[in-house]
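What follows is a single structure, and I will ask about it in a moment.
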Amino acid sequence: MSLAFSEMSSVVLETPLPDLSVLRGVAVTALGVVAVVTGALVFKVDSMARATYLLAASFVAVGAAVVALHLDYVGVVVVLMMLMEMAVMGVFMVMLMGMNPALMPMSMVHSKRRALVAAGASFVVLAVGILLVDWPQRSSVPPEGPAGSTEGGATTYSLGDALMGDHMLVMMVVSPVMLATIVAGVVLAQAQGRYARLGDDLRGTTQGGRR
Amino acid sequence: MTGAEATSGWAGLLAVLVLGGVGVTGAFAVHRLTAVAPRGLTAWPWLSGWHPSEHALSRYHARWYPVTVVFLAFDVEMLFMYPWVLVVADVGLSAVVEMFVFLGVLLLGVLWAHREGAFSWQ
Amino acid sequence: MTLEVVLVVAAALFSVGLYGALSQQVVVMVMMGLELMLNGVVLAAAGFWWFTAPEPSLQVLLVVVLAAMTVEMAMGFAVALLLHRTSGADMTDMAAELKQ
Amino acid sequence: MAVSLRPLQRVLARWAVRGTAVLLVEVPGGWAARAAVERALVERGWRAASSPADADAVVVCGTPGESWGEVLERTWEQMPGPRARASVSAPSEVPGALEGLAASLLDDDAQRADAASRDLVPADVENGDDMHPAGLDLAGGEDDLRDGLEMDVLRVPLGPVLPDWPAGLVLRTVLSGDVVVRARVEVLAGAAARRDSADDARRGDDVARRLDAAAQVLRLAGADDVAARAVHLRDAALPAGLRSLSPRSAPSPSGLRSLLTSSRGAGAEEAHEVRGEAARLRGRVERSRVLAWALREADVATSSPTSGAESDAAQASAPGDLRDVGLDARRRTRDDVRTLLLGLLDPDARDDDPGRRTRAALEALPERLVGVDVVTARLLVAALDLRTDALGDDDLAAFAPRDDEDEDGDEADGGDAHAHHHGHAHG
Amino acid sequence: MGDVVQVAVPWVLLAAVLLGVAALGVTALDGALAARAAGRSASVGAQHPLVETARLLRQRRRTTVAADTLLRHVAVGGFVVAPLLMVAVVPLGEWVLADASVGVVWFNAVDVLVWVLVWLAGWGPNAAWSLTGGYRFLAQAMAYELPLMFALTAPAVAAGSLRVGDVAAAQPGLPHVVWMPVAFVVYCTGVLAFSVRGPLSPAGGAAISGGVLAELSGVDRLLVLAGRAGLLVAGAAFAVPLFLGGGSGPLLPGWLWVLVKTALLAAALVVVRRRLPDVRPERFLALGWTVLLPAALLQLLVVSVVVVVRS
């Protein structure tokens, strides 16, 4: 099953209708199905650790599918970020469960039937919408990177160029958001900050002066 | 490189996965032949010779949870760092300034978190 | 192999996430449902990128969605920890003090 | 099919026995035997195992009392594959015992018969129900003494079957995460032969005992090469009576080769050379900044993260909030492990009554370990050089193992966790 | 140096054999050093990997009561696959198994996979010591991962590409290690840390009696021990195209240079590892975030300024 990743982009140029090579098509569908199945199992399995790592498997499958859709960098970075987040989520899943996590059957659901109906309805609506709408054809062509760069390299280059060029606002917005996340996260997560030891009146004299 | 001949990079990785799987099952098969007994033993976990009084799998108090929040926030930086790597030479100084402003802001957050004691065990 | 197939798979992923988010009581499990929904969005966006608009701006959107997933997770953990510390609550409906 | 494998399995057995892993179990009074077994392992190219799963053989050093039965039996059951056991009460028995182990491990047919005869699942595993899977209950939750998160605590007993651990000491710790929340000390006594070994302890091997403790600390801290040097010094410092190993002793690093193979007992000149080497090793440990930094203690979260001690102001946190306990415990252990280690390596330190010192240290241990993480706790216990074989009968009675495996073993130590700490909170 | 050629799939077997031989070599060197320190002859110590393999092949497998065997199998198997996935993107001279355009990001993804594997190996056996080993490794990982990522990015910036072949080719005369020493040191710290042994790795420390290894025996233990030796070798192998100029060098052909440089770096890492005591995660956490991270960022700043000035 060789995914023709470094395909000649010129082949795509002439045919306006973008054709995903047969192998990539099979890969995307197969990986998509794997992602859906592991995603569904997440809420059925009873051990917290297994639920977390099934979700991780689902993300890895989606990452691989994105790579198969010629988005090399974004696919691999989905795998990278999600493996890290699932490792951390595994720790928090286990810590923040009300009772002992690993061996208790997890029947902590309410209104299961209603949720099922709602999810099913949303799927049907989406699927019908997808099939009925005739999606626009490709308006532009995959980006051409600097000389000699592979097709995946060109795509990533265009992303970098956009981030530094006309989409600089994204970077400008994300950095304060990240700072806010760090500050808010640490404030909420920690029991007490650095002023706790100074006592309520912040002079540290009320508590027997063990300076 | 015409499409046909250049088997894509990812086929190599898939082959590695398959080979890894074959290797591991091979090791287990060889072990069944060479071990003193093919079937594995089930034993109580080792607690210096005493019987365990409860299951080890529990809500383990990972005392470094504030670091995870700082780590996840700083990790988003990596998302933007990798594409930036490709364009630094062409876009020039403005790219460097922009990225390192982003990094400086985040490093500020890290130093503040360090002052708050986020990096020592709660 | 057309855009519709990718979108249907993404829709399926989205609805599985929706089911998880709606049916689960535990705060952390609801977060996993949200992550799955965003997972579906990532797959759909990748499909759009290849089939209709292979421009960089859609890739930037994908990266922003990834950043959003990470921030959502970090803040979700922090809030869940706060809930757990203050009232030992880990169920969504226990955290209802703000309501009268 | 199996027949054709027989030669291959026999070759494998011969190769396997050359790297046997031996789990050493030291009983109070068996120190000399353990030191001798460790030396014999080095000579044969064997190694000390870190856990029963890693072990091919278990050697009990000294003569265990009756309280050791359950522990030794369970360790024997937990050893997986080809297994052999031996017990050694004096250094002279060591070569014979190891030969016996080697022969038993090499006997492929006997090992396969033993393996076939064992039941696959331990007998006392009930199927249990959801609340008690496999007959074990689930870990209970407890408010944490440092950051107030209610998390499960695990009751983890440390010792007696634990590498690099004082003989017979059992520290019943309660861990929240990997920080000790409560601890209770017990000592499993050796058999009656304990009396004469105490005389040996006082007579001449004090330097060797302290070097051995230093080697344990260094091994636990991961500085294996320095630990190997300390072990060599220990063997050189052993008085002649305890060093009667088979003449075929392996060559040791050049510095001490002449010492080890010399037949003379621990003459004055030889003891002097050991002191010189010990002083040089002490200098090396003292100068190593990485070791100093690794052994130092991190500050507890809420004190300002500056490394200096002077900025740790009084804790004004809510009463009953035990952060100060954790902080105090950590500050006390901050330089303790390193200063104790340097004390152990000091050749001319005198230790007149190890029994009384050990008893005092054991009584202070539970309170001292509260709020300290389990790795630091093990480093501290090794650095204290606890001589359980020097304890008198009344001491052993004080630390007798409690039979009632009740929910919270240390009721007698003054109430449940909070009351225990209230009494202790800082005035 | 010409562009890197993508080789056909069967060459994966050669990569696996080379990795296995290198892992055996690294363990033999470690055994020899341990033997010499303990006073035994180094040649006896060097046979340690073969003797240990024979011992573990003969030892019976063991699992614990109420263990999560599925997760444990995934962890044990994964330990062997992870180094292979890392080595797949490393060019051997002009041949590479997986010529991925984002090879550096792929290496990063696999070394995060090691987190998952160690935590699963700790969670699987339902035993206190294994669990403690798994959690302490994650605490350690929070400290070494970000500096490692920035250390990986520095050579990529100099080469202006994330493709490992390009980075190797972008060091005509001057290998990156010469003008990126801090990034190289931070990278080697990361390799020592994710090779689950030695100073920076509490998952297998002696103080928690083997940590994640405490309950493993037989072939499971063999695979985990082989995997972690493989991780050290794969880490060293990936440093060659990034920092040590890939296959370039006088006299010897490209592929031989890669093997020689990998062997030398792996040997150096083993020697350094034996000299350092175990560093506890709570001590390394503050160091990682306040010393390694700013150092890696400064190095990155210097490199990017040089790249901008040069272009």
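The letters A, B, C, D and E name the chains in turn, as written, and every chain counts its residues from 1.
Note that a contact is a pair of C-beta atoms (placed from the backbone, for glycine too) under 8 Å apart; a residue touches a chain by one contact, two chains touch by 3 or more.
Please read these numbers as outputs of a predicted model, since none were measured by experiment.
More C-beta pairs touch across one of A-D and B-D than the other; that pair is B-D.
The mean-CA centres of chain C and chain D are about 49 angstrom from one another, to the nearest whole unit.
Here the spacing of chain A and chain B, counted between their Cα centres, is 15 Å. Chain B and chain C have CA centres that are 21 Å apart.
Work out the mean CA point of chain A and of chain E, and you get 26 Å between them. The set of chain D residues that touch two or more partner chains comprises 9, 12, 51, 53, 80-82, 115, 121-122, 125, 133, 136, 138-139, 146-149, 151-152, 154, 156, 162, 177-178, 298, 301-305, 373. Annotation for chain C: residues 63, 66-67, 70-71, 73-74, 77-78, 81, 84-85, 88 touch two or more other chains.
In chain A, the positions touching at least two other chains are 5-6, 49, 73, 77, 80-81, 84-85, 88, 91-92, 95-97, 100, 102-103, 153, 156, 159, 161, 163, 174, 178, 181, 185-186, 189-191, 193-194. According to the touch criterion at the top of this document, the contacting chain pairs are A-B, A-C, A-D, A-E, B-C, B-D, B-E, C-D, D-E.
The touching residues of chain E, counted against chain A in their complex, run 6, 66, 68, 70-71, 74, 99-102, 105-106, 108-109, 112-113, 115-116, 119-120, 123, 126, 135, 138, 141, 145, 161-163.
Against chain A, the residues of chain B that register as touching in their complex are 1-4, 6-11, 14, 55, 57-62, 65-66, 68-80, 82-87, 90-91, 94-95, 98-99, 101-102, 105-106, 108-110, 112-113, 115-118, 122. Of all residues in chain C, those touching chain B in their complex are 63, 66-67, 70-71, 73-74, 77-78, 81. Those residues of chain B whose C-beta lies close enough to touch chain D in the complex are 33-37, 39-44, 46-56, 58-63, 114-115, 117-122. Residues of chain B that touch chain E in their complex: 6-7, 9-13, 15-17, 19-21, 23-24, 27-28, 30-31, 34-37, 39-47, 52, 55-57, 60, 62-64, 67-68, 70-71, 74-75, 78, 81-82, 85-86, 88-90, 92-93, 95-96, 99-100, 103, 107, 110-111, 114, 119-121.
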